[in-house]
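There are structures below to look over.
In the two complexes below, chain A is the common chain; its partner is chain B in one and chain C in the other.
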Partner chain A sequence: MTLALLRRGLRISLGVAGLLVASTLSAAAQDPDPLGKLEQNNRVTIELLLDSAKVAGLPSQPLLSKALEGIAKKAPGRNIVDAVRKTLGYLRTARTVLGTVDDQELVAAAAVIEAGAKPNHLEQFRPRKKGRTDIEAFIVWADFLQRGVPSEEASTAIARLWQDGADDETFRSLWSNVQADISQGLNPGTALQNRIREAPGRASPVTVKPPEGQQENQSSR
Partner chain B sequence: MNEPKVAITVLCAALLIPAQRELAAQVASKIEAGQYTVSDGALPLSAIRLAPTVQFEFPHATLKARGSAFVSEQTLQLADGIVSGTFTSPTVYGVRAEMIGNASRAVDDRSLGTDQVDVQTRIHFRFHEHGGLWVGGGVARPWRVAVFSAADVTDAGGWAKLGGPTAKFGVATLTATFTNFAFTKIASVHDTGSAQLSCAAGGAAVSNRTPIINAMFSESGATGACERQSRFGDLEGSLHWEVGSLELTAQMGRRFGDSYDVTDDSRQWTAATATVWLTDRIAIVGGGGRQPALPLRGLPARSFGMAGLQLAYWPMSKSAVPVSLPRAPLVKSFEMRPSAPGMHKIVIRVSGVETVDVMGDFSDWSPLMLARRGRDLWELSVPLSPGMHQINIRVDGGPWVAPPGMPTARDSFGGEVGLIGVPDKASH
Partner chain C sequence: MTEPELHPYVEWIAREAQRPVITDSAARDRIMAAVRAEPAPRRLGIWSRVVRPRSFTLSPLAGTLVAAGLVGMGVFVGTRTNDRDGQSTVGQPPVAVAPRLPVSDTVVRFVYVAPQAGKVYLVGDFNGWDTNKTPLVRSSTDGVWTVTLPLTAGRHLYGFVVDGSWSTDPRAPLAPDDGFGHANSVKFVRRGTSL
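Now for the complex of A and B:
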């Protein structure tokens, strides 16, 4: 009887082990087609968007990356297509406003527009010294918008710092101080106004008045 | 007695070999050394205890080798070694399957020693992020344990986790387990009254005994032996508590079964261990209590007291609960800094978790597992070209979140990503 139990237990164990190994192997298997997990119609649409980017002289890698991000985060196919289409639109807008810049700056500018910046605010970044990059400024700008700093205030503050010749470290320091103030409960717009006065570029305080209801005590998002 | 000495020596030597950081598997190791006093009913025996462990962690499997040796007056009193492998399936709707295989050997200077192979499967059910249940079963096949031939093991349990890494009182994990051992035992009519009854009631005469069992019965003059189906059950509750640099682990248990299978010294037990981490890799360990007998492995019940030092090269997962927790506790810190040309090192500090992953545009949004480099330290080097990059992290297979302490943006899919700018050296 014990032998029978033993054999039965072993059979069950081996069966479960087989299932485990099979599921593990299938999970680990690499799909050679990065978009292979999408439905056919969504996949075709995204491939068309990638081709459109290439034809327009825009980088297609950010679009592919957006699609892969959506797949990795298990977003519905339609949402992934929408996200890729919007990203293409942001890249087009950024190119129109900034002119000829390298792909990395274009991607960062597109991220700022996606975060809620108005395209005309980007125009102030068009003239630049050779070799100067605006990526850090765009990253801080996008973050401020996401944290609830009013678009006009964030745009004006970042643009003025940029025009005053602020370097990457200045932008990082500004971000660090503002996010610390916001996490303490300060209104995001007020936090930026307070900290921009301390910035080495000494940009003038922004005069845009925050909308009603966004004064002190507004909790950060 | 040389064989376990060699095994322990090899295991200790393996700990000293720095593993290649580019290995597909994470490698973790630790060694614990200290004074150990044990009593199994006779006079207390003091010994130096050496306990090395090496562990290889793959995404869905873990291989582990650990051993312990007790040396007293240049003599090896007891050596115990175990090699185990665990396969785990991906978690689907909160359910995860696990298969565990163990091969172990214990050598005692007063007995033949034992070998055992066991295979066990478990199904885990997770409820939210702070608790779960599991059920499991398997078989154990001991060798050289004279009175056992095989055992079926079934277990079930539950766990609950209280607090969090930032809570004032830390993290406490409560676990309750019931394990049932049903086994075939060789009983002699000369053993006890209950054994006589068992044999008299129709226990099958031992006809297919192993040579070792035959030898044992011939040596002891025990005649009239019979095979006897029997069982006992262990109910155990444990507490694992982490607060700051202190870890406390305590167990309390009770064994159920008739007096023939369960000796009085194994009816109930209590033990506790405290670990104080001095640095990420060095800890003081102390504890004591009582351990029940492990009949399948031929180990007797014993009381013990110990004090020692733990050196963890890359510390082990603590695994307070038997399944990883898909939750997102607050990460203490996140840092990305240039390492080799074109490479950035991601350094994350988060404690009380089993796995940490990152993904981003730099990995084509494929998860990359970080390697544990300290008690709460996780690292990974990734290639980053100049420009803006997006990154997400997750712990214990939980949701993808933006790392703390860096700019963030919405990710088009209802979540957030961290933003990092890598300057082009040519532009500075």
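Now for the complex of A and C:
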């Protein structure tokens, strides 16, 4: 009888072991490899970049996201690697300028540098105020640069608003107005100059000469 | 053929073996009484059964299966408690290898106007840039496409795929050039807000 019990127990154990093996293999098969569509060498390079970010104390999620974005947009593998590498560089620069900040703020600041701002323009955002985030300011700043507002003008305007204590709504409103003006055909730099005068707070108008060869009613895009 | 002469010692053994055994008629009763006088074997408890040594006989195939099961369990547990650097992730926030739709109390509504479009998808860092995961629904006959989904607080990059073509959100700021030939939009989600 004891022998029969032992045999039954053994059968159950073997069954459980088999199920575990099967479930493990199944789980491994179902766990999608996010970088699986990349060629091996590109994939390894990106994984090294992810590790570099971790070692440097930088968020690796933006790098992975950039790689996934490239895959989704069917970009060549080499372009994806380049884009991920550049993103890591922007994050490093932002960290160097701003010091220890929240990951989200760091990513937003990196995007500003990526859009064309000079790192030293970011230094004005280094003093932190508790409970205040500069993410919205950085987003609007990067958008202005992306839409063709000259870097110096955009940087000065955003920095002044920030130093004057503008809140997120002020930045959003400024963006909305400038974007509307640009859509109407106004020169991006001029659109910003016009709208910054209307912004609440003590922000002074930006006095930067419009670039030569540009008309006020001419769209930059 | 004559029968071979047996050794006297062998003959003695044979005689003894053939000699009828005369037993005392009371012997059986004495033996049974002695057996009954012995204490009954104690019933083993669960712990005693568990810790009592046992011997198992396994075929090579069965042994291989058991070993594979144990290794599989180890791999399964290991991959969920250690990151790629071998660092323990127990007690740490999970690092998403594949970005997943976040669980959040912040609900965001995305709108895209495309009267002529047949299919519109929302694609961004919040869904792993999956071009088929988050379809927008045409909510009216005037070509307004919408989708509402929970997002974590923070800055999110996204775009729309309209009938296979990438497009930005005209209602949102632009992100820097993505390096892949398509611009992205940005949405900053504050915690607890509903947009």
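Methods note: the second predicted complex is superposed on the first by the 187 of 221 C-alpha atoms of A that agree within 3 Å, B and C clash if a C-alpha of one lies under 4 Å from a C-alpha of the other, contacts with A are read in each partner's own complex, and residues count from 1 in each chain.
In this text, a contact is a pair of C-beta atoms (placed from the backbone, for glycine too) under 8 Å apart; a residue touches a chain by one contact, two chains touch by 3 or more.
Worth saying up front: this structure is predicted, and the values here are computed from it rather than measured.
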| item | value |
| --- | --- |
| Chain B versus chain C as contact partner of A:K54, first or second or both or neither | second |
| Partner chain(s) touched by A:S65 [first = chain B, second = chain C, both, neither] | both |
| First, second, both or neither for A:W175, with chain B first and chain C second | both |
| Which of chain B and chain C A:T100 touches, first, second, both or neither | neither |
| Touched partner set for A:E136, first chain B, second chain C, both or neither | both |
| Chain B versus chain C as contact partner of A:Q40, first or second or both or neither | neither |
| Overlapping contact positions on chain A, where the chain C interface meets the chain B interface | 6, 10, 13, 16-17, 20-21, 23-24, 27, 34, 65-66, 68-73, 75, 79-80, 82-83, 86, 104, 107-108, 111, 114-115, 135-136, 139-140, 142-143, 146, 168, 175 |
| Interfacial residue positions of chain C with respect to chain A in the complex | 54, 56, 58, 62, 65-66, 68-70, 72-73, 75-76, 84-85, 95-99, 123, 125, 128-131, 154-155, 157, 166, 173-184, 186, 188, 190 |
| In the complex, chain B residues that touch chain A | 59-61, 87-90, 97-99, 119-121, 137-139, 141, 149-150, 152, 182-184, 229, 359, 361, 364-367, 385-388, 390, 400, 407-417, 419-421, 423-424, 426-428 |
| For the chain A and chain C complex, residues of the former touching the latter | 6, 10, 13-14, 16-18, 20-21, 23-25, 27, 32, 34, 47, 51, 54, 60-61, 64-66, 68-73, 75, 79-80, 82-83, 86, 104, 107-108, 111, 114-116, 135-136, 139-140, 142-143, 145-147, 168, 175, 179 |
| Of all residues in chain A, those that touch chain B in their complex | 1-3, 5-6, 9-10, 12-13, 16-17, 19-21, 23-24, 27-28, 34, 62, 65-66, 68-73, 75, 79-80, 82-83, 86-87, 103-105, 107-108, 111, 114-115, 131-133, 135-136, 138-140, 142-143, 146, 168, 175 |
